[in-house]
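The data blocks that follow each hold one structure.
Below, chain A partners chain B and then partners chain C, in two separate complexes.
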Partner chain A sequence: MFDIALLWEARGLILQGLWNTLWICFLGCLLALSFGIVLAALRLANPRIFGYPVACYVEICRGIPLLILLFLLYYGGPSIGLRLNAEVAGVTGIGLYGAGYFAEIYRSGFKSIPKGQLEAARMLGISPWHTLIGIQVPQMARLIVPSGTNQLIVLVKESALISIISVDDLTKNATAIVNQTFQVIEPYLAVALLYWLIIELIARSGYALEKRLANRQPRQQGATPHANGPEALTAIVYPPKSDG
Partner chain B sequence: MFEILLNHYPVLLKGLATTLVVSLSAIALGLVFGVLLAFGLTSRYRLVHWPCGLYRSFWRGTPILLQLLLVYYLLPEIGVEIASISAAILTLTLNTAAFQAEIFRSGISHIPAGQIEAARMAGISVWHTRRRIIMPQVFRLTLPPLTNEVITIVKNSSLISVIAVTELIRVSEQIASRTFQPLETYLAAAVLYLAVNLVLARLSAYLERRMVGGLATE
Partner chain C sequence: MPMAQKLSPPSFTRQKAMVEAQGISKQFGNLEVLTTIDFRLDSSEVVCVIGPSGSGKSTLLRCLAFLEPYDHGSVYIDGQLLGYEDRGGKRVRTSEKRVDQVRASVGMVFQHFNLWPHRTALENVTEALRLVNGLSRRDADVEGTAMLEQVGLADHAGHFPESLSGGQKQRVAIARALAMKPKVMLFDEPTSALDPELVGEVLDVVKKLAADGMTMVIVTHEMGFAAKVADRVIFMDQGRVVESGPPNTLFRQPKSERLQQFLNTWRERHID
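Entry: the complex of A and B
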């Protein structure tokens, strides 16, 4: 019943779709990660000015479907002179949408760092910049690995929507094969399997990263508190010398 | 945007109603299925928890758009004629069941084992323990992630426009092509989605505050 030959004949379309999905997801996620950190940094740096606008942005990303955002960019853009081709609209949509979620993830990472550490850093006379780079960012990065991985997976899955604004991604090409061959199961299942592989790969890497970083965590390793306390502490507290 | 809202609000609201009916019925049906699946996932029998895990993995690991297309085009192939709105509800249900099962599973794992052992000691049957002791606490514990899932499903219901269900997005597409004002129309739709999801979030925060007192501790 399952026709492998059909898939082999359509391999060109499948590979083209895979390639498009991969690079659009990659750039979209990169945009989301970097714009998200900008938003989180603005909110952290000056909550009085940026707190409310960033919070609004986050609420909007959480409250509207990605599809609406893509339609706004792709069909609505030309009304205000913004003409994007479908691929660029896809990357921008995924990036802007993901940034709202990532801003919140970064923020929760920063918030879970105990206040005492920042007070101790100030007591020791470490400058705010060094506190940020040497103490806050490394710990935040470690804390957000699980939720960040989840969000990347969500973005990859949501990237299937760019097929609706006519990007030749995996989903659109699968539908094209369905329309050509009148076989439903093979193309859609094969493509589902490819998405599954991509997602599994991201999940596994996230998990490996989490485990690696957890080994370096001073508090969670070793039964006795002072077993590897001091050197781990120095590694965190003192900023890299080249920064001075 | 405001003209669009003013001139076309009956159609837009009708689309919004379809969106809400589809997503809320999927949530409700998925809740029942998800609870059963969560018990399957926590089962100690491999024959039970392995297929449940596979199900969860598939529905959580593939794009919902693909699932929708697969269900919509596959059912007629195997001789089941189904309206597009039913196919939409079915897909969203099967999808949210997997996500809700995972939420409930983590909730169940937070129930102290002593409670279940005590229930068994007191001679309370397994299903009675689940219904009266485990689930009421799990619902309270998992309210925040459940709310997120409800909001996600409302947002994901936008995809069913692809299989020609006239919900909010489909209606806005029709308005946009009639008025040649895509930006304004889609902004209006975005505002409606945002409003619904903000109300849902507030509602859940209110429920959470009210329920805080009722949680049994160790």
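Entry: the complex of A and C
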């Protein structure tokens, strides 16, 4: 017997949890994405003095569980004068943890660009900065979308751990409902569905981005560039895929 | 007139070399890839470099472009030392910026094209025009289209590399290098990655450049092409120049045993 009424009554807690999970994940992922690119850049930059420290950081992120990192930040922080409220600790934890993974994802993206392309740029006198911005980053971005999407999904799922450092997220509020009502199935299934919806949204956005970043196909032969109807415009921006 | 020769040092009587390598050598770890190579390329001269795989011909070309820093010796591009400078009697590496300056007159074409896959044919050609020469997008497009025209690909301007054949890709790569108005073009096995049927279209472009007086070094396995287009052919083996001379002499009367052997192997494979 699935008790919808129970969920309706507890909607306040569920929505509060959803909101907290959403914004904490959003900020956490943003931090992970941006700190990750800094780490990757430091690791690949010349001179290589940052290579080793960054590599260590990455290994630590991959080596310790997120929960331990959260404990250290939230419970261990005060002993070194770092007082974070639970939400900030959550965002920071997810961000620092994810950054280690994203650093590797970015790095793998950069590394899979054939060296010859960079030599071609050098021979044309294109500066390292322009090479990075115009040639490496766009290709890296395209290459990492699938693995980056995957990593974001993992982070959102692992965010359930912030409930343990007392953030009122989906997981903690579901548990609260369970404790009040002694009904286990409904609250947990409901939040499971909500997590799944968030993740589905990320996955779909990932696919869409992948498509968007794919090469625009060349204009079809016989297309008339001067026909400016909306269809013609669409045909130019998104022409039908040619074979090959 | 031995007297007259003594009075005027060689550097004054000789035409200034476009590219000159003096005793350059290069090691990868313990492996000596180039052993004191001397090389001279005059303006409008076409030199083909032939030799077996691993003979150091590509490394020589890459050292002339400073894509591989040579260990010893000197490379001069249009009279300027490439990659190193004297600082208080000690030889030190120059900045990348200085390398770029000296190398600005050198264009390079690679075996694997090295086009940027996220850029169309035209964008591949115009990228450096805009970023290095500071042309507006419009001017760069005009210039770039003219370059593509030169290699017969103006109608493929909007195509991405993935939808081009190997021969077309290589022609775009040539157009891309030519757009920077180089004085010297270096070709590193430009047809080795192509289907046999597509070799011709690329070599035709190179021939046209030769006819227009472009100064070129071409590392190639296409002997027939080398015989036709080269002013001079250099045969390399094990990091050394074994023999060099005009194609007629080199191919018809090879002096060294190694070259005879190399040409015989080639003939066996190509003429039935």
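Here is the rule we go by: the second predicted complex is superposed on the first by the 213 of 244 C-alpha atoms of A that agree within 3 Å, B and C clash if a C-alpha of one lies under 4 Å from a C-alpha of the other, contacts with A are read in each partner's own complex, and residues count from 1 in each chain.
Everything that follows uses one rule, which is that a contact is a pair of C-beta atoms (placed from the backbone, for glycine too) under 8 Å apart; a residue touches a chain by one contact, two chains touch by 3 or more.
The structure presented is a predicted model; accordingly, all values stated were derived computationally and were not measured.
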item	value
Touching partner for A:26 - first (chain B), second (chain C), both, neither	neither
Chain B versus chain C as contact partner of A:52, first or second or both or neither	neither
Which superposed partner A:68 touches (first chain B, second chain C, both, neither)	first
Partner chain in contact with A:138 - chain B first, chain C second, else both or neither	second
Which of chain B and chain C A:175 touches, first, second, both or neither	first
First (chain B), second (chain C), both or neither touched by A:130	second
First (chain B), second (chain C), both or neither touched by A:79	first
Broader residue contact with chain A after superposition on the shared chain, chain B or chain C	B
Those residues of chain A which chain B touches in one complex and chain C touches in the other	none
Footprint of chain A on chain C - complex, ascending	65, 67, 96, 100, 103-104, 106-108, 110, 112, 114-118, 120, 127-128, 131-132, 156, 158-160, 162-163, 173, 176-177, 180
Chain A residues within the chain B interface of the complex	59-60, 62-69, 71-72, 75-80, 157-161, 163-164, 171, 174-175, 178, 184-185, 188-189, 191-192, 195-196, 199-200
Footprint of chain A on chain B - complex, ascending	57-58, 61-67, 69-70, 73-74, 77, 151, 155-156, 158-159, 161-162, 169, 172-173, 176, 181-184, 186-187, 189-190, 193-194, 197-198
Interfacial residue positions of chain A with respect to chain C in the complex	114, 116-117, 119-128, 130, 134-135, 138-139, 142, 215-219, 242, 244
